[in-house]
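The first chain written gets the first letter, and so on, giving A, B, C and D; residue counts start at 1 in each chain.
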Amino acid sequence: MKIENSFPGKDVSAEDLRSKFPLAAKQHPTHQTIVNVGGAEIGGREIVTMMGPNLVENSDMIFTIAKWAKENKVSMLRGGCFKPLTFPYRGEKYFETGLEGLKWLSRAGSEYGLPVVTEAVSESQVELVAEHADMIQIGTRNMQNFPLLSTAARTMKPILLKRGFGASLRDFMGAAEYILLEGNSSLVLCERGVVAPHTHRATSRFLLDLQIIPAAKEITHLPIITDPSHATFWAPWVKALALASIAAGADGVMIETHIDPENAAVDPLQPLNLEQSTDLVGALKSLADVVRGIN
Amino acid sequence: MKIENSFPGKDVSAEDLRSKFPLAAKQHPTHQTIVNVGGAEIGGREIVTMMGPNLVENSDMIFTIAKWAKENKVSMLRGGCFKPLTFPYRGEKYFETGLEGLKWLSRAGSEYGLPVVTEAVSESQVELVAEHADMIQIGTRNMQNFPLLSTAARTMKPILLKRGFGASLRDFMGAAEYILLEGNSSLVLCERGVVAPHTHRATSRFLLDLQIIPAAKEITHLPIITDPSHATFWAPWVKALALASIAAGADGVMIETHIDPENAAVDPLQPLNLEQSTDLVGALKSLADVVRGIN
Amino acid sequence: MKIENSFPGKDVSAEDLRSKFPLAAKQHPTHQTIVNVGGAEIGGREIVTMMGPNLVENSDMIFTIAKWAKENKVSMLRGGCFKPLTFPYRGEKYFETGLEGLKWLSRAGSEYGLPVVTEAVSESQVELVAEHADMIQIGTRNMQNFPLLSTAARTMKPILLKRGFGASLRDFMGAAEYILLEGNSSLVLCERGVVAPHTHRATSRFLLDLQIIPAAKEITHLPIITDPSHATFWAPWVKALALASIAAGADGVMIETHIDPENAAVDPLQPLNLEQSTDLVGALKSLADVVRGIN
Amino acid sequence: MKIENSFPGKDVSAEDLRSKFPLAAKQHPTHQTIVNVGGAEIGGREIVTMMGPNLVENSDMIFTIAKWAKENKVSMLRGGCFKPLTFPYRGEKYFETGLEGLKWLSRAGSEYGLPVVTEAVSESQVELVAEHADMIQIGTRNMQNFPLLSTAARTMKPILLKRGFGASLRDFMGAAEYILLEGNSSLVLCERGVVAPHTHRATSRFLLDLQIIPAAKEITHLPIITDPSHATFWAPWVKALALASIAAGADGVMIETHIDPENAAVDPLQPLNLEQSTDLVGALKSLADVVRGIN
C-alpha cells in the first residue's frame, strides 16, 4: 500500500509527509511507535493513565496521590512544578514550587514505582527537569518554541508534546519533527483542546478535538493521548470526555487529580478528587478492554 | 437540589433555564425524557442507531439496506428524500427522489418493521413527510427556521432536531423550546459537527463537538444523539467518532450507510458500506453494554 | 483575462464559478452589479447607508428617525417588524409590531422619500413585506432557508441577503444563486459577523469578517455591505468597524440607530443614538470620498 | 470616570485590569502611550508603516527596499533574519541569513535613516538582535514564551509583540504585562490574524480581527498595529485590510514588501512589489489624514 496516495483532500498532503515531516510520518498502516517511560508503555495495546495535580503544592499531597495512584494501577504520576502563567502575578493561594516541587514529585514517583512527567517551561530548566523526571512535558503555549523543543529532545528523555491551542495537525507534526530530528524518538502527542466558537462554559474556551485521533493515526506512527481536564475546564465533564478519547482510539489520557479540589491552588473547577479519580480509572479500564476488542 | 444554582460560569444561565427555555430545561438531575418512535426508544438505557443512505436513490437500495438493518438490529432507518442543497444545481449523478423516495423509504420501513426518519425542508412538505415517516428531521440549515419548527411540531410526530453548524447550545435550546411549546414533547437533539478552525481535511469544515453531550445532559431532559458521518465527512473516521459519542454519553448515533459508497449520488466519501456498517453496529453494541455499566 | 485561472488555493474553485454559481460569478474584473432600491444605488461609486432601529417600536420613533435620516442624507431606512427570535418567549419590553410596524415604516419612508428595508421571516409574510417595503431582508438564520429565498426572489423586489453566521463564502454564493436563478438580479450581500473563538466581549460571539470584502469582490459582481452593529453587539465599537468596512471596499453599511438606546426594546447595547449616528454618517462620507480616490 | 465600572459583559473584567495587568491597563480614557523607535513615533497622531521583506535574502534587496522606503516616507524597515519555521527542513529556495542578514538590515537602515525591526526567536539571540536592531519583534508562536518576553524586555529596546494566532485579548494583555513588568514600557501590540472557521482561501487559515482594535483601545494605553500580509496570506487583499486597519483606529501597519515577489524565498503569494507598495503608502497617507479628522 502506498500511504502517499491515500490523502486526497487531507489538510496534510502526501508531499508534506515526504518532505515536511518524514520522521513523524507513518510509513505503513501498521507502523506504530511504542514509547517506554520507566516501564509504562504508550502506544501499545494497553492505554496509559497519567494522573496527578496541576501543581505539586507540597510533599504530602503528592505522596498521597502517588500512593492512591499506585493502588489504582495508574500508569504515571503527573504534576506541575514550573508553570507558564498567563499573567505574571500569582493569585493569593498560588505559589510555584519549582525545584522543591520537582524533588517531591520525583521522590513520590520513586517511592511508589511510578514514572513521573512534568513540564519544562524554559531552555534553562530542561536539564533540571530531565534529571528529576522520567518524561518532559512541553506545554501548549510552547509547542512552537523550537529552541525549547530541540533542547528538551537532546536530553533523550521521553517527551510529551501538547498541541498548541490554535495549532493545526500540520503545525503539530512540524513541532514533532523538530524533536525527532534530534534523534529522540520517544515522543508522545497530546490533544488538550483547541480554541473554538462554542465551548458551553463562559469561563472556558477550549473544545476537545477528537477528530484528531483518527487523523493522527492515519498519518503518524507516534502515540497520541488527550487531556480532558484542561479541555473542559470543568470536573463534571472530564469522565465523559476521557471515555470518549479512549473510544476514539487515543493511547491514553492525562487527568488532573487533587486531594481537595475546592482548595486547589490553581484552577479549582478542573480536578477530580480521589474518589472520582478511582471511579474514572475503573471506567477507563473497563472501556479499554472492550475498545481493544472492537478496533 | 436546586439546578438553578449550579451554573456559575455556564454559557447558559439559571435565568435562561427559567425564562428562556423552561420546557427544555432539566428540572431535576434524574429528569430525562424517553422518546418513542415506532417502538424505538431514544433516551433510555439502550442506545439507538439510525442508519441508511444520505439519499434514498431507488427502491432496491433502500430495501436492501432495510433488510440488512433489520438483520443487524439497527433501531431505525434513515434516508433523505427532500434535501436542502447548498447550490441550486445538481451534479450529474444527483437527483432528488422526493415523494417517490419517501414512499420507498416508508415501504421499506414497514416491510422490515423499522421506524423511519427523513427530513422536511419546507413547511409545505411537512404534512407529506408526517404522513409517510415516523420521525421528522429538521436539518442543520433550518435549525432556526422557526415557522418550519412550529409546523413540524404541530404534526405531533417525533422530531429530530439537528444543531445548526454555527449554533451555540443556547441557540439549540431556543429552537427546541419552539417545538416543545407546540405541545410536542417527542423531541431528540442531534449534534452533527460545528464550524471550527481545524478539521484535518481540506474538503470538510466541521468538528464533532462532544463536550455538548455532558453539557446538554446537565441542562436538558431531552435525548441527544450525534451524526459522525456529516461531522467527519470521511468514512474511515466515522467508527472512531461514533464510539466516542456513545462513550461520552450520547443516546445514539445517526450513520450514513450505503450499498455502494463509491457510486453514491451524494457525498461519496462519507458513507459506510454494509460490511463496515455491520462491524460498527457490533462495536457500538459491545461498547454500549460497558458504558451503561460505568455511568 | 480569464477569471477561471486566477483562483489557485481559493476556497472557491474555478469549477465552482462555472458550475455551482454561474449567475453570481464575476465574468470579468470590471463586472459589477448596481442595485437600485427606490433611487438608492448600491454597488456604484457612492456608498449606501441603511439606518434605523432593530425593531420599529412605534410610529413616533420611526418618523423621528426617518426625519433625522433624510436631513443627514442617509440612503435608506431600516427597521424590523417581523423578527426571528432565538427563544419563543419575549422579554418584558419586547413586542413584535408586525404588520402595524410595517405600515409605520412604509409611511415614514414615503413621508421622507427614503426607501425602506425590512426582514421577512417566513414564506407566508413575503407578499406582505413586498407590498410595503422597497427591499426584502433575509436574515442570517434563514440564509439557507431555500424556499424562503426563492419565494422572496419571485416578488422581484430587491433582496438583502445576510450571511449565515456559520456560513462560508461558498455557502453564501450558493444562497445568492437561488435568488438569481428566479430571474431576480437585484441582490445585495451583507456580512454581519461570524462565529469565532474570540470576540472580546463575554456577551457576544460574532467577529466581523472583513476579508470577505476583497474575497467577494474577486469572485462575484454582487454588491456587498456590512452590519457592524450586529457583529460587535456594542455601540462604542460600531464606528470603528463601519469605517473599516468602507475602507476595505464595502459598498455600504447597515447600522442600528435608535432615539433612546437605553430603553430599546431589543439589544440595548447595540444601537447608536441620533447624535452618534450623525457623527458616523459624517465620518463615513468623509472616508468614502477618500476611499473612492485611492481604490 | 472610573474605567473599572465600564466593562459589563467584557471578556476582560475590571478585576483583571486591576490585578492581572495593572501596567498594561488604561487608567483614564486619554491614557495613551507613544513609543519612540529611533524617531518613529507609534501611538501618536501619525500612523506608522513598517515595510520590508519576510526574509532579508541578501544585501542588495534590503538596500533597494530601504532606498525605496526612504523615498516614500515609510516609517520603519522590517525584515526577518532569524525565523521560526513550522518544519525543521527548508525549501529549495529558503536559507536563513541570521547574523549576516541582521547586519545587512542594520546597515540598510543606517544608510537611509530608517529604524529597523526584526524578530528574535530564542533567548540566546536576544542580545544580538538588540545590538543591531532598533526594535525587537516577538513572533506569534512565541507570544506566551515568557522567558523570551522577559529577556527581550530587559534589553530596554522597544518591543513589537505579535498576538498569538489562538490567543485571546486577555492572553495578549498577560504577555504584555510580562514585558512591562521588566520596566520596559516601549511596547507595541500587533494583530496579525487569528485562526477562524472561514478564511476564504484554502491555503490560509487566519482572519484579521479588527474588533480587537477598539477593544484594545478601551482597555490598554499601548499602541496597536496590524499585519495584513500574514493575516490574508494573499497580496491582492493586503491593501483592503491595511486601509481597514487604519480606519478602525490602528496606530499603523506592518506590510511585506519584496522587490520580486514571485521569486521570494518564503511565502511568495504574500508580499507586495515596490509599485504596489508605493500605491499602498500613498493610500494609507490619504486615509490617515481623514481618519485623524473624524475620530
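Note that in this section a contact is a pair of C-beta atoms (placed from the backbone, for glycine too) under 8 Å apart; a residue touches a chain by one contact, two chains touch by 3 or more.
Fair warning: this is a prediction, and the values are worked out from it, not measured in the lab.
Visitor: When the contacting C-beta pairs are counted for B-D and for A-B, which pair yields the higher total?
Guide: Higher C-beta contact count between the two pairs: A-B.
Visitor: Relative to chain B, which chain's C-alpha centre is the most remote?
Guide: In terms of C-alpha centroids, the chain at the greatest distance from chain B is D.
Visitor: With centres defined as the mean C-alpha position, give me the chain A-chain B separation in Å.
Guide: Centre-to-centre distance between chain A and chain B: 33 Å.
Visitor: So how far apart, in whole Å, are chain B and chain D when each is placed at the average of its C-alpha atoms?
Guide: Roughly 46 Å separates the two chain centres.
Visitor: Could you check chain B for residues that touch two or more other chains and list them?
Guide: Residue numbers touching two or more other chains: 166-168, 194-198, 202, 205.
Visitor: Touching chain B in the complex: which residues of chain C?
Guide: 19-21, 84-89, 121-124, 141-142, 144-148, 164-168, 170-171, 174, 177-178, 181, 194-195, 197, 205
Visitor: Provide the residue numbers of chain D that touch chain B in the complex, in ascending order.
Guide: My answer: residues 195-198, 202, 205.
Visitor: Given the complex with chain A, which residues does chain B contribute to the contact?
Guide: Counting only chain B, the residues touching chain A are 9-12, 166-169, 194-204, 207-215, 218, 231-232, 236-237, 239-241, 243-249, 269, 282-283, 286-287, 289-291, 293-295.
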